[in-house]
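Two complexes are shown next, each including subunit A; its partner changes from subunit B in the first to subunit C in the second.
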Partner chain A sequence: MVVKTIPEIPVKKGEPPYKLWMFEPGEKKEFPLVFNLRQLAEQRRPALIPGHRLCAGCAAPIVVKLASFAFRGPTVVVNATGCLEVSTTIYPYTSWAVPWIHNAFENAAATGSGIEAAIKALKKTGRLKYEHVDVVVFAGDGGTYDIGIQALSGMAERGHDVLYILYDNEAYMNTGIQRSGGTPKFAWTTTSPVGSVLPGKGEHKKPIADIMVAHRIPYVATATPAHWMDLIKKVRKGIEVNGPAFIHALSSCNRGWRHEEGISIEILRRAVDTCYFPLWEWTPETGYLLTDRSLVIARNPSLKQPIDKFLEVQGRFRHLLRPENKELLKQLQDYVDAVWEDLLKRASNAPR
Partner chain B sequence: MSRLQLIPKYPREKQVMMNLNGDEAIAYAAKQSYVDVVAAYPITPQTIIVEKYSEFVANGEVHTEFVPVESEHSAMSACVGAAAAGARAFTATSSQGLALMVEILYIASGLRLPIVLAVVNRALSAPINIHNDHSDAYLMRDSGWIMLFAENVQEAYDTTIQAFKIAEHPEVQLPASVHIDGFFLSHTLENIYTLPDEAVYEFLGGPRKIPKVRVDYFDEEVDYVLNPARPLSFGSLALYDYYFEMKIPQLIAINKALDVIKQVNEEWYELTGRRYGNGLVDPYMVEDADIVLVAMGSGAGTIRSVVKKYRERGLKIGLLRVRSYRPFPHSDIRNLLRNTKLVAVMDRAIGPGQYGALYLDIASTLYHERSKPILVDYVYGLGGRDLSPDMVSAMINQLVKDLERGYIPEEERLRFLGVRG
Partner chain C sequence: MATLRSWREIPHGGVAFRLSTDVKTGDWRALRPVIDQSKCTKCMICWLFCPDMSIIWDGEKVFVNYDYCKGCGICAHECPVKAITMVPEVGE
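And now, the complex of A and B:
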């Protein structure tokens, strides 16, 4: 048996083991983007520090940590109610190294709008001590697709300079795996159970990123923590644009998706390989552009995997792999193909 | 009076008379209060506040960021975000809008953010109605907000400016709402005295000051704000092990507001020569009264004029106007009503299955008195029904009979004024 030892954390006397991000007033510092793993480990600290209570195998903290490697400098984080919020800030502790606020479930975008407006007003009257303070929202699929879409749409329409990052684990995982507008068709959840009559959820996932594209905001992208460089680049672009930006990051949940803890990143890789979750970005100037692995698949379609590869490692889709459900599996494959084909037609960098 | 008459810092001749309705007066007061962020949504009869403020922004008269949100829920959410980021935030609403806001009202007070909210009181649906009663105000009763009721347009202006000072007091740090009666005040023009901009700026001590807090991680006290220099987490999860302890300071703070409201009322008096009772309650001929009517809002004006007539005829009657509904000034009311024989509470909303909310507050205040007055609840003016002087007279005549009889039977303790059938 391999004995795993916990690495010792170098603690200087009188210093807390994990330091918060502190920007002294007037400090001008813009973090460069770092992609060399060694440099990243040595030079950068994530905004989410160890000690949080998210499940082993959860991809949400990976999304947050990667995203925070792209923060430029002084940043305020807004969090909608959800796993990420309740597990990182159990009073009297907090895992956030940056100023952080949680207001309620449905209003993360509105809260972000208010903060951005305050920053503008303070800047106008010479009371802001920094050149810029970025506002980044993290919200789950329930707080974005369903209850939060009104506030999100309002924020986009009003043009607030806020980056909204959706970490999409495809159901209400915090309350116990109930279906949301982000749950894919035929997935098992506690409110779309697989019964003798119904084969899981009856409806397809809402195309939330396309809805945000329809708002014609300066930047929209999809990402996964499995394609980490792609994610970091996109987050930096989202922060740098002047106006609202939206990033849809797929985030696996071992409790809700019913998979082993160790394969969270592998599943997300398969989501892209099967074209279930294509990686792209959109700006009003360029239109849709495929990125990373999805661009590779577009150029070499033989790399595209069948949807089974994504489903077979997850308990929530187990019923689809039974022989009597072959027809359902085909339906899902057809849907994924149709969405992918549609994207290929729209993406300007896809081969014709 | 042995005391010399106080000469205010800004006597009337130094003030500017303006002809404004209630909504405009509140918008103008907010404009003078150096507000950083206004996030608001239109709803009748509050809309003029939003319109007027948009004009100030459009004409470059203010530095305020105006956020025209897509709902009242987002209006209060944006105010929470703005206040947490260090801004002075203001919004306004009515009725259904307030009902939609309620979730975030509790968060604003729980996070101790000194937001000011103007509530133009209007009845709640159904049936849908755009006119005044206090059902929306009673809905936010336990949300932890300081609630101040204005009687006229002048008071609406004065109270809005005072509300910022009360909310931002270092020992209070709680959100405050200013209530005016829909249409009766919001759409009624009145000549009011306003202060010059610099006087208001000075009264409020300039822009919002951020309070300091002590947090384990830092050696020194840090600003209670979303500050990249000293990051704090706002709105964390506190369960059975801490929630209770976090609610108690909120209670202490709102009780502290009782003193602060009085103090600000006096400061305003020294500045302008205007004050409203002691700030918490505004009594009229209550000292030696046998019968006292208790009311809030614009109805008090009508009642006062009728009370005056009855006094001239020799009836010992008075009016007690409650200005601070939350925190509720129990001891002031108890002292004023100690020798009263009959108290009639006037509620401008019903509490189905119960007496009106103000009646319950007054009843709980008087319960511990050795000799309790006869207590009766009058519900009046629902959905904007006018309170006429004749209605008040009829009510007083009835009360005189009740006082002669010496008691009011249980089935008559909830009465309705001005309802047909």
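And now, the complex of A and C:
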């Protein structure tokens, strides 16, 4: 038997440690936003490189990829434990073309805060070559809604200049589809099974973005990778803002949502079309502003589709489409409508 | 015999030091995306939404890097001109 020893870290003095970087070490220019896709493909590299072990059809790498096109310069990425962390950095391989750190499940925001404080200290003493180094946190819904909310709330309260991107696949998909605070009502998960006793999860989704709005941090937004231009713009706004920013990105999971792999993006488009997941941004100056497709729907309510359109392609909501569960479907529709009406009342650019 | 080491001597934590491009995830694939170059309008939507970064733009045409493509079919579903078809992998 051949015993393979762990290869030595291929770092030679004077040479960069990796062959592939999103930003070459020492690069100082600020990158502009590019929306022409061909130019984008020629000029920018994504933060993830191929070879990561996320499932086929997962939307999380698309969120990361699109977000990384909005990075303006040197960026440090912090990861909470979750699908994205465990499958992009299986030892000794890494899929990240940016400096990356993972600490523990609950403290992604606290780790980001510490890095931001260290950057500030290095800048004060003149030891940092760069004008600005941005800190971006990628965390899943378990690491944000349930386990990481105290660290996130603390980061927002202390006012660290960190962008926190939540990719929300609405359950603990990594450990086997357990319910989380982000799971919507009546969704099937392994800990809220559907049967004669329970119709899926009994509680509604926690309004995490509104919780962050209540902290009155400089920038809060919701986004989906299906509306890619909107997502890129929002990430750039969140990075440029001086203070904490929070972006809630819906990300489909074909294993947990029980849909086909190819329709990951289509399903997110339907989530916005049915107003299940409205797109908006919030700043203390402007208040709530609807963006992209949600603004179109607010101006032309006939484009709003019934919630069935979103549910019918997902196996986790299959029981809601049975005739005996019509009452539950109506309950969910009423809840989605109530949240949407509430948002329309608050949004300053919605027609009245 | 192990001796106690100070915090200056212990490692900084696990460092992942090799690129994941060594791992060819293409062998997960059951369906293979094939691009019909005559239909392709080079809109780059497939490149944008590819989760595996396996659609390559070389300045003239779009092609798929089958070393890493997991065959999820997002590109085929999102293609506005339906230039990508998913063909079952057969043989080896």
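As a convention for this text, the second predicted complex is superposed on the first by the 327 of 352 C-alpha atoms of A that agree within 3 Å, B and C clash if a C-alpha of one lies under 4 Å from a C-alpha of the other, contacts with A are read in each partner's own complex, and residues count from 1 in each chain.
Following the convention adopted for this analysis, contacts are C-beta pairs under 8 Å (C-beta built on N, C-alpha and C of every residue); 3 or more make two chains touch, one makes a residue touch a chain.
These figures come from a predicted structure and were not determined experimentally.
Just from the overlay, do subunit B and subunit C fit on subunit A, or is there a clash?
clash
Given the touch rule stated above, what does A:76 touch, subunit B (first), subunit C (second), both, or neither?
In the superposition, A:76 contacts subunit B only.
Looking at the overlay, what does A:275 touch: subunit B (first), subunit C (second), both, or neither?
Neither partner.
Examine A:266 and indicate which partner it touches, taking first as subunit B and second as subunit C; both and neither are also allowed.
second
Check whether A:94 is in contact with subunit B, with subunit C, with both or with neither, and answer first, second, both or neither.
both
Quick check for you: in the superposed arrangement, does A:225 touch first (subunit B), second (subunit C), both or neither?
In the superposition, A:225 touches subunit C alone.
In the overlay, answer first, second, both or neither for which of subunit B and subunit C A:42 touches.
second
On the A-aligned overlay, A:86 touches which partner chain: subunit B = first, subunit C = second, or both, or neither?
First partner only.
In the overlaid three-chain picture, which partner chain does A:171 touch, first (subunit B) or second (subunit C), both, or neither?
A:171 sits against neither subunit B nor subunit C.
Tell me which partner A:125 touches in the superposition: subunit B (first), subunit C (second), both or neither.
So A:125 only meets subunit B here.
In the superposed model, where does subunit C crash into subunit B, at 5-13, 59-67 or 77-85?
It is 5-13; the other listed stretches have no clashes.
Just to be sure I follow: which residues of subunit A are touched by subunit B in one complex and then by subunit C in the other one?
Shared contact residues on subunit A (touching subunit B in one complex, subunit C in the other): 20, 89-92, 94.
Along subunit C, where are the residues that touch subunit A in the complex?
14-25, 28-29, 42-45, 47-49, 51-54, 57, 59, 65, 67-68, 70-74, 76-78, 86
Could you please specify the touching residues of subunit A with respect to subunit C in the complex?
Residues of subunit A touching subunit C: 7, 9-11, 17-20, 37-38, 40-42, 46, 48-62, 65-66, 88-95, 225, 228, 260-266.
In the complex, go through subunit A and note every residue touching subunit B.
Its residues touching subunit B are 16, 20-25, 73-76, 78, 85-86, 89-92, 94, 96-104, 106-107, 109-115, 117-122, 124-125, 127, 129-130, 133, 150-151, 153-154, 157-158.
Using the touch rule from the top, collect the residues of subunit B that touch subunit A in their complex.
36-37, 39, 63-65, 67-71, 73-75, 77-87, 89, 103-104, 107, 207, 216-217, 226-239, 242, 246
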